[in-house]
Each structure stands twice: as structure tokens, then as C-alpha cells.
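Some structures to go through are shown next.
The following pair of complexes shares a single chain, chain A, combined with chain B in the former and chain C in the latter.
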Partner chain A sequence: MKSRVKIEDISKPSKKLTHLDIDDLMPLPPPYDKIEEQPGWKALSEDALENLETSLDDTIAIGIPKPKTQEEEKELVKKFLSGLEKLLTRENNWTFLQPLLLSLEHCAKCQTCTKACPIYEASGKQDIYRPTYRSEVWRRIVHKYLKPGGKFFGRLSHGDIDLNWTTVARLMELSYRCTLCRRCAQTCPIGIDNGLITHELRKVFSQEMGIAPKELHEKGSVLQLEVGSSTGMNAEVVKDNIEFIDEDMKDLTGIEVHTPWDKEGADVLLIHNAGEILAWPENPGAFAIVLEKAGISWTLSSDIAAYDGINYGLWYDDFQLGRVAIKHAEAAKKLGVNRIVVAECGHAHKALTVIADRVLTGDFNIPRVSAMTLLEDIVFSGKIKFDPSKNDFPVTLHDPCNMVRLMGIVEPQRRILRYLCPQFREMEPHGVDNYCCGGGSGFAIMSGHNFQDWRLAVSGRMKLKQVIEAFDDHPEPETKKYLCAPCSNCKGQLRDLFRYYGVQEKSGIIYGGLVELIVNAMVDIKQPFINFDEMQ
Partner chain B sequence: MSDGKLILVVDDEEDVVSYLTSLLEDNGYETISALDGAEGFKLAREKKPALITLDITMPEESGVRMFRNLQQTEETSKIPVIIVTGVSSDFKQFIESRRQVHPPEAYFEKPIDKDEFLKKVKELVS
Partner chain C sequence: MSVIQILIYAAVLVFLVTNITRFIRMASTPIHLRWELYPVAHDVKRFKYGGSFLEESDWYTKKLHKSMLGEIRVMLPEIFLLKGVWEYNRSLWLWSFTFHIGLYLLTALIFVLILGGIIIGPNIFNVEAGYGSLSTIGQIIHSLSYAMLIAGCAIGTIGTLGLIIKRSTDREMSSSSSFGSYFNLFFIAAIFISGLVFLFSGSAVDKLIKCYYSLITFQPMPNLGAAFAVHAVISGLFILYLPFTHMTHFFMKYFTYHKVRWEDTPNIRGSKLEKKIQEQLSYPVTWSAPHINADGKKNWADIATEEVKKDEK
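Here is the complex of A and B:
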């Protein structure tokens, strides 16, 4: 049974600030409604409890080692406070200072945003998961510890809080209980961006204290910049793997494709999320087919980082974001392409086309567009013949937050689906009001300790409910259904979610990208491209 | 042809080569090593080891290419291969589901579990 948690409780040492009980979670529709059949989450190991900071809730995302001495704790608190101070100065945070200051001063505490948050709702309304909880902790710290006279006036005007190691450690973990979907920011009547505050806190932890989830940093952006891809594939491996895929495409469709590498002067430099190549090879394969058949001059790049569109810095570190974005632009500049097209990866869209606008200036400001619009142009160009009856099965669409709510790419993919999928139906809510898959902001690749259980039981819960309800006219598993999710990160979360709850077996739903549906509807393809029995 | 005890270790990281060859030699095997796929394939053809441990991400020629070459060459096609890699876990499913090659005999992600690794080596060499 959950109990109320006040803002100031975050500073008071205890075993756990909040305990999650599976009985408190938002109910799921049948056949997923039986609590006793839900997997729940594993308990943290004795080793983790002894050596890591675990006092927020029942899981850990980062795995922060417990400081060994009080001096070490004090030093970390000091670093945190100086990092917060830098965050509020133009010379150290020119990228995000203005919206951050607006969000610092003006929250009316109306809690409108709480109802918009899928994590808060799915968790059974746990106080610490309110979008405002971590923001309010941050505000109180700023007003008390960084404003002149704050120790007296800050406490009176904004509420009290104690800044100690417990506060900092819990706040770090709490900054990884939000998927940065920014549904809260969208619904706020006065435009407060709690998602941005979470993002800025993650920046302080990474940039000033060197603390970030290893999946995002060491195994993510660092590996990408060193080897070329966070998958660990260097250029030789990725080329050899694409060769496998090209051969498979010929066998499957009869269409011969030779993926071009480093073609100078091509119209399009296509950048996939490299995870796609390993986990869903039919997606880059389908892109090759569509681009070839449409007569587009295109290429992939074998330069470091340029064959992997991921940019995890978007979620936790501006420096890493800038480094990767520059690599992407350098590759395009070197090849002299007309435009970069970001394939089906939501966060790569936002990182390279929106956020990188602050970094890619002058010669680096190469046109950067979404695969959604390129695919729409191709589908309606008349260059490829389609038979929509080949896609005559129920299809719904998941809207990746970065691509849709945060960039406004809403209609291109829908126009394609309305044309090519006779049984297309929206899930509710959809478009810019969509719910996150629950794997946003890096969660989909974070599975240490029992964090995967948490992201499937809690942060992905609302999405599962939406998907099941979108097909409630055909709940039987015998009717094969397709969830179109044009984002690698979302597909990673959906893969885990479907396995966790047995969705393919119980409901007959598979997930996949958009371009696969396009190829499946091509007249030239003799056998179905989408295989309902071989989903990975 | 080797007497059944010779193992070829292919990895571009000298530390890994050193670790694996020491581990194998301490357990009674003879080893030879190569630092990329081209050199590894050449050695495999010449020495015909009883087993190959194969890294994937290497310069010049990748482990993927060497894996294909081994299987497409008659004298090396039957040599069992253990992939030992730092590439993300999705690669396991990728390589195991390619129709052009049969799956590797075993697959280990770095850092390896040394006991499990030795158990698998023993099983494959015997």
C-alpha cells in the first residue's frame, strides 16, 4: 500500500523512499489483467543493496556506488551544487538556459501534468513519479542554496529542503524514472517543461560528476566515438553484415540490391540506427529496396559514428551530443551529399535535426530530413506500384515521442498507412498526444539489475494498454495484427514488452517498422515480406 | 592437421590474445594466434586447428568475413568456431539466423565466463 511522500522527505535517510506494490499498478485490459500472471520485478541482490545507492524505490537505473566516507559524500554534494550553479549561467549552458529559467520560476503547482504522465499513472500514482516532484526538489535547492539570502527567504517562499548526499543520490536515480517524453510539458497551462528539468539534472550528473548509466555512456556514446557504433561494430563488420542483408533481400524479394558505401555526390546520405542492422535487418533491407526501386541516388557512410544514427548524448550530456552530431555532419560534408536522411529512429531524428541546429552551423548546416517525408514522397511518386490488399490485416501506429510530439512529424507516416493498409486504425490517444513506449530517454537499452522489469511493468504499461485496446475488435491471437513503430529504440522496448507479457502468443500482435509495410505492399514482391511467424 | 589440441585465437586486442592463449595453454592446449581476420584465415588454412576462437570487430578483415570464408573453404569448413566478442548481444541472433552460414558452435560475450568457456572448449575439441 503506498503512502504519501512529501518533497522534503527526499533528504531524510531511510531504506526506501517509496515501495512499489504490483497491486497498486494501473490495471491492464484482458487477457493481461490477472495480477498473479504478471511477471512483476525481481528483488535487488544483496550485493547491490550493500554497495549501491538503492534508497529511492525498488529498482536502480544507474548503480551509483555508495561513498566510502563522509568526506566523499560532502565532495559529491559540493560538485552537484557547483554543477547546478553552472547550469544557471549563460556561458556554461547557452543551449538550454532560457527555457530552464522559465521553468524555474513559474510553476503554479496545479498538477495538471501529473495526469499526463504515463509513469505516474501506471505506477498507481506514486508521488515521487509526479513530473513535479523532482522539479520541485530542484527548485527548492536552487532557491535555498544558490540565491542570495536563500537559506532564510528561500525556505519561506519556496519550501524547505536539506541538501545532503541522500538528496543527491535519490535525485540522480529519480532523473532516470522519466522517459523525457515531455507529455507533461505539452499539457502544462503555462509551459513549464519538467522533462527539460530532468534532462538538465542528468547533465549535471554526467558533465560535472561523471555519473551516468553505463549503457548510455561507456557502452553508448563513448563506444560510438571510439569504434564507430554503440553496437561495437566497426566499419568492416557493418559492411559485412549489410552484405548478408543485401543477399537476403534478393532471396526474399527477387530484387537485387547492392547497398552503396561512401558514394561521393549522392543525393541522400542515409543514417540508420545501427542496432537496426543486427536486431531488425529487414528494416535496412527494405530501405535499400525502396530507394533502389525509386531511383534515388543514396549511400551509407563508413566513417566513424556515421553509420550509426544514435546520439545518446541527447538524453544526458550536451558534449557527447555535440561530438556525435559533428561526426554525422562531417561524413555528409566529406561525401558532398545534398541531404542527410535519418532512418527509423526517433531520438536520432531529434538529435540531428533539431537539437544539433545549435551546433551544426556554417558548412556543417547540411539539410537534414526525416525518412518519413522521404518515404511519403516515394510512395506517392508513382515510381513504385502498390497493391494495398497485400496489407489487409489490422495495423496500428505507435508515435515515437521524439519524432512526433517533439518535432511535429505527424502526417507523412499516416498518409502512407491510410493508403497502403486497408485496416489501419489509430490507437488512442495518438499523434502529438501519444504515450511513450516506456523505453524513451535510453530506458530501452538499460536493463541492469532489475531495471528492465521496472521499465516493462511500470514505464511501458500505458503503451501496452493502448496497443491491446487498439485491436480490441480482434482480440483473438489467430487474427494477425501489426503494430507499426518507426523507431529502433521503441522497437527495442516493444520487443521486451511483448516477450514479458506474451503479447504475440496471447493477442497475435507483431511489431515492425514502416518501410517493411511499404515493401510488403509492392506489386513486384511475389511472396509476403512481413512474416508473422518469425518475429524476433 | 593438428593432433586435436591446437587452438587458433583470433583477436585484434593483444591483451585478449594474451589472456585467452594463457588460459588455454594452462589447461593443456597448444595455441596459435592472429590479430585480424585475414591473418587468421591464412593460419586456419595452413595449420588446420581443432578449434578457433574468433573476435568480430577487428581491423583489415572482420570476424564476420573470416567466419564466412572459413565456411566457404572446404579444408576449413568443419573447424568449430567459438565467437568471443564485445559486439552487442543482438549480433548473436543476427549471425545465428543467416542462411548463408551455419551458426557458430558457441558464442561468448566479453568479458567471458572462464569456466563456461573452458567447458565449451573441452566439449568441442574432444
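Here is the complex of A and C:
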């Protein structure tokens, strides 16, 4: 049963600040509406409960070990506070200081943003998931502990809070209950950005305290910088894999492709999310076919990090973001390409094109463009012949937040779909008003303990509802339907979401990228490229 | 000079100095990384659906056009009709709208009364002879002031009381409200209600014009009665208090919208923007996490390129 949680409750030690019951969650449309058939979530293990900080809710994203002594707790609290202080200095945080100060000082607490948050809505309006909850905790700490006279004036005007280890540990976990989709920011009449505050809190934990989910840091950006990719593939392995994919493409389509590597002077350096190569090889394969058929001069790079477009620093650490973006730019500079094209990965789009735009200067500032635009140019160039009747099945489009709401790339992919997919329909809401897949900000790759259950039951719930409703004219599983999601992370979340709820079996929906639909519609392809039965 | 007069001068001075200082401080913060949210209003062509210049594969070869008119066109309904609240928080809109309209009317009244003080101030002391002795423009100012005062205070009272009730009864709003949230609303309610009391105390506009005439000419303000004194003191204290609160959002919206939400200027090689970024990349960093490897001397660029440099060796 949902209980009311006040802002100041975060500081009060208890077993759990919030407990979620499955029947509190937002109802789903049929045939997913029966609570007894919903998978729910596993309980945390005894080991986790004993050794890790688990007092926020029913899951853990980071798994912070419990401090052994009070001194250790005090030291961590001190570090957190020093990180907050650094966050508000121009030298340490020039990257986001202005928007952060604006969000610190001007919120009217009108809660307009709460209605926009898919996690808050899907959770059945649990107080702690309200976009303003963590922001308010942060504001109260800053005003009470960092402002002159804060113990009196801060407390009076902003409300009271106690800064102790319980507060810090819960806030740390709470900063990973938001997908940074920034739908809340879009609705704020004043322009306050709760997504930014979450992002900045994550930075304090990473940049000052060295704490971040291992999937994002150790197995993410660190691995990418050391080995070349967060998948663990080094250059040799990735080349082998791409060679296999080229062969598979020939077998499947009859079209011979040889993915070029490290071709100097190419027009385009294409950067995939390397996860595609392992999980959805048909995507890089389809890119190779389309680019070859269109006569584009292109290449992949085998330099460290340059064959993997991911940049997890975007979600938790400015320096990791900068390091990876510089690696990407350096590879492009070395090859002397005209432009970098970011393939179907939303956060890679935003990290390299928009966020790193003010990190990459001089020779590193090489034009970056979206694959959506390049694919649109190719589709409408007349260089490839298409037969849209090959895609004559219901298709809808998921808008990756990073690519759409946060970059304004809305129409190119739609123009392609309207042309190539006769039964294309929008889901509601869509475009810049879309809902996150529930796997944003790193969630899609975070599955430790029972976090995967939480992100599928709660953070992905709104997207599932939208997808099912988009096809409500054909609910029967016999009619095969395609959810186009031009983003690797979104696909990762959708894959897990579909398995969790049995969407393919119950509704006959599969998911995939955009380029696969393009290849599927090519006249030159004799067999269907999209295989509804084989897709998992 | 009366205490009220000194309070009003002090309040206006503090209001201007503090707000200008806050504006300058905010304007001089470093250029931040791009963090725009679509739709972006100055891209008039694509605003309707939220598109950007990044929808073109050769965007970097084209000159980008930003329409200030496009931004103004979006901001006007946002400021005067609270369009965002209407779209996303309909149950709050009526109270928030009437609250803001009340404030806007009383703010606009200040300027009308300044004009009134200049134009009919000297005559207002003889108005007992009849309003017919005022010029036509004087009569318009007088009537307009009366209408704005009564409408502003009445509408504002409705809005503020509505907001107090909404804030205290709405689960989401009440749970994140602090003492300060209610204090601000009661403070503003006191302005509106004392304004109404003053209005019904008789000859309110005459008194206000006398007050403004005295303020403009630095002449001693006559005794304008207890109801005026209460309203003037509450209003003066509020003007003094406002710059220290979140209510400065009335001008900070320039930054939240124009400088953050809609700030999509791409970094072009050799541009002033690039120069500024390079300067900021040389800021020293003191973050403590081991992987940052900062020592207080290394700058942002050193740290971000450290591994690149290592590889080059």
C-alpha cells in the first residue's frame, strides 16, 4: 500500500523509505492487465540486504557497500558535501553551472513536471519517484549546509533536512531512478530541469566519491577506453565479427559487401554502438548494404573506442564523456574523413553531436551528423529502388529521447517510414513529447540484483502501454507488427521488456531498427530481410 | 520624510541593485555545454513539430538563422497566459493565472501612477475642486488607475487564496512545500487584501497619486491614512524581499529559456565561442575521485586528453 513520504523522511533511518506493490502500479491494457500474470520483481537477496545499502526502495542500482564504522559514514558524508560545493564552482563545473544554478534557485514547486514523468506515473505516483523529490532534497541540503546562515534561513525558506549517511546513500540510489529523459523539464513553465539535477548528482557521486554503477563505469567507459569497447571486443575481435556479418549479409540477401576498415580520406566515418554488432548484427549489416548500394565512401575505424559509439559518461561523468568523445574525434581526424555519422544509437548521437560540441575544439571539431539524415538522403536519392509493399505490415516508431526531444531529429526517420511502410502509424504521444523506453541513462544495460525487474515493471511500463495501444487495431498475435526503434539502448530495453511480458507471443510485435526496414523494402533483396519468426 | 517614504526608496534601491547584480552574475557564468530541449522557438520553420538544424545532413555547411521574433512569439503567451501551466497542469491554471494577472496589473499600475504623478501630481492636491479640473489625460489616468487597482487586487486575491488552498490540499504540492512556500503566498495575499481595504477607505487613487508625486519630487509625503500606510508598508517590504527569493524567475526566465532550453549554437572552428570554450578548458580541476586524477593544477583539457596523450607516447 502506498504511503506518503515527505522530503525530510529521506534522512530518517528505516528499513525502506518506500515499498512498491505491484497493484499500486499503473494499469496496463489487455492482455497485460491481469496483475496475477505480471512477473513482478524478485526480492533482494539476504546477502544484499545485509551488506549493501538497500533502504530506498525494493531494488538497488549501484549496490553501495554499507560503511563499517561511523567514521567511514562521516567521511563519505563529508566527501559528498565537498562534491556539492565543487558542483557550484565555475572551475570544476563550467560545463553545467549556469543551468544548475537556475534550477537551484527558481523552482516554484508547482509540480507541473510530475505529470510528465513516466516513472512517477507508472509507479502509481510514489512520492520518491516524483521528479521534484530528489531535486528538493538537493536544494534543501545546498541551502542549509552550503549557504551562509543556511541553518536558519535555508531551513525556513526551503524546508528542513538532515544530512547524514542515510540521506546520502538513498540520494545516490535515487539518482538512478530517473532516466534523464527530461520530459519533466519540457513541461516546466519556468524552465527548471530536474533531469539536469539528477545528472549533476550522479556527477558528484562519480567525480568526487568515485561511485557509479559498475555497468556504466568499470564495465562501461573505463573498459571502452582501455580495450576499445564496453562489449569487451578489441579491434581484432570486432573486425572478425564484422567479417562474419558481411558473409551473413551475402547469404541472406545475395549482395556482396566488404565493410571497409580504416580507409583514409573516406567521406564518412560510421560509428555504431558496438552492442549492435553482437546483439543485432543485422543492423550493421543493413547499414553496409545501404551504404555500398548508394555508393557512399565510408569506413569504420579500428582505433580504441572509435568502433563503439557509446559514451556512458553522458549519464554520470563529464570527464569520462570528454575522454571518449576525444577518442572518437581523434580517430576521425587521423583518417581525414569529412564527417562522422553516428549510427542508430540515441545517446551516442547526443554525446558526440551536441554535448561534446563544446569540448571538441580545433582539429577535433569534425562535423558530426545523424544516420537518420544520411539514410533519408539515400532513400530519396533514387540510387536504390524500393518496393514499399514489402513492408506492408503495421509499423510504429519509438522516438529515442536523446535523438528527438534532446536533438530535434524528428522528421527524417518519419519521412522514410511514411514512404516505405504503408501501414505506418504514430504512437501517442510521439515526437518531442514521446515517452522514454524506460532504459534511458544507462538503465538498459543495468541488470544487477533485481534492478532489471524494476526497470521493466516500472520504468518501461509507460512505453509498453504506448506500444500496445499503437497496434490496438490489430491486437491479435497472428498479425505481425514491427516497432521501429532506431537506438541500441532502446532496443536493449525493448528486448527485455518484450521477453518479460511475452509481447511477441501475446501481441505478435517485434522490434528492430530503421535501416532493417529500408533493406527489407529494397527491390534487389529477394528474401525478406526482416524475419518475424526468427527475431527474438 | 516619512518612514514609509524611506522604506519605499530603500526597497526600490535594494530591488534594483540586487536584481541587476543577480542578472549580471548569471550572465557572467561560463558558457555551458549544450543542453537544449526541443522544440526550440527561434527555429521558426521547425518549431511546430520540434525539429532542429540537425535534421539536415549538411547542417555544418549552412548559416543558421535564429529568429528572436520566434522566441518572443512563444514567450508572450507563456508570460501573459501561462500557456505551459494551461497545457500541462490545468487544475492549477486558473489560480496561477489570476494570481499572476493580479501581480501584472499592480506592476503596470506602478508605471501608470508614475505617469500620473508627473502629469496630474501637482493638481491632485486641489482635486477637491472636482475631477473636471483635471486634463483629459489626467482623467484617463485617474480612471485607469482605479480600474487597475480594483481589478488587480480583486483578481489577485482570488488567485492567491486559490493557490494557498491548492498548495495545502494537493498531495503533490503540499508534500514539497516549505514554510517559505506558504509565507510567500500569504505575503502576496496581504498585498492584495490590504489593497482592497485601502481601496474601500476612500479616495485611494488620489492618495496614490499624491504618494507617487511625493516620491518622484522627493517632497515629504502627506499623511494618507492608516489603510494606505498598511498597504504601502506591506508592498514596500515585499519589494525588498522579492530579489532574495525564487520569484526572480520573472526575469531569470530569460536565461532558462533563451540561454539554456533554446541555446543550440553550434561550435564553429575559429569562432568566438570556440575561443571562450578553449579558455574554459584551461580551468583547473579539483575533483577527488581517483579516476579523475586531478591535482588542482591539471586543467579540464589535460584530464580529458590524458589517455590520448599517453597513447601518443
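Side notes on the structure shown:
Everything below uses one rule, namely that the second predicted complex is superposed on the first by the 536 of 536 C-alpha atoms of A that agree within 3 Å, B and C clash if a C-alpha of one lies under 4 Å from a C-alpha of the other, contacts with A are read in each partner's own complex, and residues count from 1 in each chain.
Definition applied: a residue touches a chain if its C-beta (ideal position, glycine included) is under 8 Å from a C-beta of that chain, and two chains touch if they have at least 3 such contacts.
What you see is a predicted model; the values in this text were computed from it and never measured.
By the document's definition of touching, neither partner reaches A:R170: not chain B, not chain C. By the touch criterion defined above, A:H430 lies against neither chain B nor chain C after alignment on the C-alpha atoms of chain A.
More chain A residues lie in contact with C than with the other chain of the pair chain B and chain C. Look at A:K293: by the touch rule set out above, it reaches neither chain B nor chain C. Look at A:S230: by the touch rule set out above, it reaches chain B but stays clear of chain C. In the superposition on chain A, A:K481 makes contact with neither chain B nor chain C.
Touch criterion met: A:I304 reaches chain C, while chain B stays clear of it. Taken in their complex, chain A has these residues touching chain C: 4-7, 79, 82-83, 86, 90-92, 94-99, 101-102, 105-112, 114-116, 125, 127, 130, 132-133, 136, 156-159, 182, 185-193, 196, 206-210, 217, 222, 225, 304, 318-320, 322-323, 326-327, 330, 339, 353-355, 357-362, 365, 367, 369-370, 372-374, 376-377, 404-412, 431-432. On the chain B side of its complex with chain A, the touching residues are 56-65, 68, 85-88, 90-91, 93-94, 97-100.
Put simply, chain A touches chain B in their complex at residues 227, 230-234, 236-237, 240-241, 244, 247-248, 251, 275, 277-279, 281, 536. Across the complex, chain C meets chain A through its residues 26, 29-40, 43, 46, 49-60, 78, 82, 84-85, 87-89, 92, 96, 170-173, 175-181, 183, 245-246, 248-249, 252-253, 255-257, 259-261, 264, 266-269, 273-274, 277-278, 280-281, 283-292, 300, 303-308, 311.
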